[in-house]
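Each of the two complexes below includes chain A, the first together with chain B, the second together with chain C.
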Partner chain A sequence: MSDPVELLERLSSVRGIRGSILVSADDGLIVAESLMTGVDGRAVAALAASLTNRMRRATECAGRREPVFLQLQAADGTVLAAPCGRELVLVAIAGPDVNVGLARLEMLNAAGRLA
Partner chain B sequence: MSDDIRGMTAELAADADSLVFLDLAEALRQRGQLDAAYKVTRTGLARYPQLARAHDLCARILCDRGEPDRAFEAWVTALHYDGGLVSAHKGLGFLYYQAGDLTSAEKHLAYAGQADPDDTGTVAALERVRQEQEGAGGSGREREGAEGVAATTQAPAPAPDHAPAAAGTAPAEPAAAPAEALGGSPSLPFSFDEFARSPADEAVFAGLDGGTDGLLLLDTNGLRLGGGLRNPDGNDVADEVAALLAGVSKEAARTARLLNLGDWNGLAVECGDGNLFLSSPTDSTLLLTVRGLDVPMGRVARFADRASMAARVWLERGP
Partner chain C sequence: MRSVEPWVTPPLERFLAESSARLTLLMTSSGQVVAQHGFVRSVDVMTAAALGAAILASTGEIGRLVGESRFHALVHQGTRQQVFLSDFETARGRWIGLVVFDSESTVGLVQLFFDRLVAELVEAAPREAPKQQVLPENFERELNASLRALFGR
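And then the complex of A and B:
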């Protein structure tokens, strides 16, 4: 496994990304973070892990493979998540100016190295 | 003016964005107030220019007014925005039949029949068209009886590629209903109203690809409202998935609010073998759209937009 902090900092340097967190999938606790000040990392981590787990169960029930990438789209930004195996979830918070395609590739790459 | 129409008129006056214009225009059409129905529909289309159902309704009104060329254009426009809209396929099949183009009529009716095999009117019409095709031997002008149509309605002779009909083909009998306009020629065994309305039209995603598998509308309590979902083995998993998705809307809203991201408007999920998109057509409903990996996520999201619109129309009509 690569250094999580290094990967988070690299991810957070993508234009439009405001911060990133590595979360424990089971309990939603923060494993590592690289966030802008003012962002409540703990709450975001818990909610992102919960959403990811819920969608994982839903896709399993639908007979689909596990999620590899999730994007919560909102009016003024987006939350991106990439499960790293069963235990971790990589989460990024981005503004409306983010290049989602680029961020997605960076996250999938990082998730592969963290798994 | 009936109470229904009065009520819908008041509702539309109070909220110009309301989709009740569809019901109001349909009610006016059924009462024979075609100009008023047309005006209401055009006003609605000014607000929702991409709403296929409104173009479809406009086409039916134009058909009733005896303007098949303009109805043709409206149905083509409806299919431009929703290629699977069954009633538009029926309408075009009807017009092609009138114009004597049995091949194109068969194509559209076959699509409508496949989408809704229980619609006996369409099935019967399709059989009739196929019988006539066999009788015509597939050469030259396919149905000689169509000459009777030309004498009464000057129906358009649209090209098979759905190019709009040429202008200047105004009907001689403006008020003639299309089925009646067939005159002495062999008529289709259904009326236009039967033609335009079928049980499938009452279904939430009627006419949309995946309306019974791959589109699932549920309420925030995890109960299925419409649509369906099957796993790759063909088993119905709609209710189980709906139950698992209960609460997603609240969590998504909380997450977005916590981060000052405004209202959430979609959750895209890429799986190893498919793409899912979760959206919220209304505050109290969720829509899950599922497609295979061959459909890129961007297209899944756009398809979900169309399905959301259909869901809002269906919910507003009161299923």
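And then the complex of A and C:
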């Protein structure tokens, strides 16, 4: 597995991404973070892990296996999540100026290396 | 959800809705139950309250031995369920929260919403009620009144 902090810092350097967190999927607790001040990382981690777990159940119930990438579009930006195996979830917080395609590519690349 | 103190009800209802906790107990540091959710039998509530208060007291002493002023929260992880225990200060003295949750929730969610519950309780807590002398003739009546409030019978 690659160094999580290094991967988070690389991800956070993508234009439009304000910060990223690596979360334990079972606990909703932060494993590593690279966040701007003013973002409540603990709350984002707990809620994003819960959302990802529920989406996993939804896609599996629909016979589509586990989710690969989640994009939650909000009024002032986007929250992105990519499960890294069963144990971790990579979460990115992005502003409205983010290039979602590039962010998605970077996140899937990082998730693959963290799994 | 049932509580002895009515002002506890709204914050606790919000916590239960957001955290998806299965069982929740709020009590004083001496193990006197203030509110409960999910317990069916009064004997279970009394036992859980006494054990929860004892566990926190024990870990407090361990903390004192190792030079930690106090442990504010601890989690017991089981195979299907987990127990979260934490104490906090209110205008009514030190209280303890005991939360049992399963795969519908996570430690992170319970901690997050428990912190919000504590903040709301601290804000809503009325000042300390004047201490009354505990008389034997009042004790049983007050105990029965608390059990009626907590279990509706």
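Methods note: the second predicted complex is superposed on the first by the 115 of 115 C-alpha atoms of A that agree within 3 Å, B and C clash if a C-alpha of one lies under 4 Å from a C-alpha of the other, contacts with A are read in each partner's own complex, and residues count from 1 in each chain.
The rule is short, and it goes like this: a residue touches a chain if its C-beta (ideal position, glycine included) is under 8 Å from a C-beta of that chain, and two chains touch if they have at least 3 such contacts.
Keep in mind that this is a model prediction, so the values were computed, not measured.
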Combined model on chain A: chain C and chain B, fit or clash: fit
Partner chain(s) touched by A:Asp97 [first = chain B, second = chain C, both, neither]: neither
Partner chain in contact with A:Ala75 - chain B first, chain C second, else both or neither: first
Which of chain B and chain C A:Leu47 touches, first, second, both or neither: both
First (chain B), second (chain C), both or neither touched by A:Asp27: second
Degrees between the directions from chain A toward chain B and toward chain C, using C-alpha centres, nearest 10: 100
Touch count on chain A, higher of chain B and chain C: B
Partner chain in contact with A:Pro67 - chain B first, chain C second, else both or neither: first
Per-pair minimum CA distance [chain C against chain B, superposed on A] in Å: 9
Common interface residues of chain A - those touching chain B in one complex and chain C in the other: 43, 47, 50
Residue numbers on chain A that touch chain B, as the complex places them: 39-40, 43-44, 47-48, 50-51, 54-55, 57-59, 61-79, 93
Touch list for chain A against partner chain C, complex: 23-24, 26-29, 42-43, 45-47, 49-50, 53
Residue numbers on chain C that touch chain A, as the complex places them: 105-109, 111-112
Contact footprint of chain A on chain B as seen in their complex: 229, 231-233, 235, 237, 240-241, 244-245, 247-248, 251-252, 254-256, 258-274, 276, 278, 288, 290
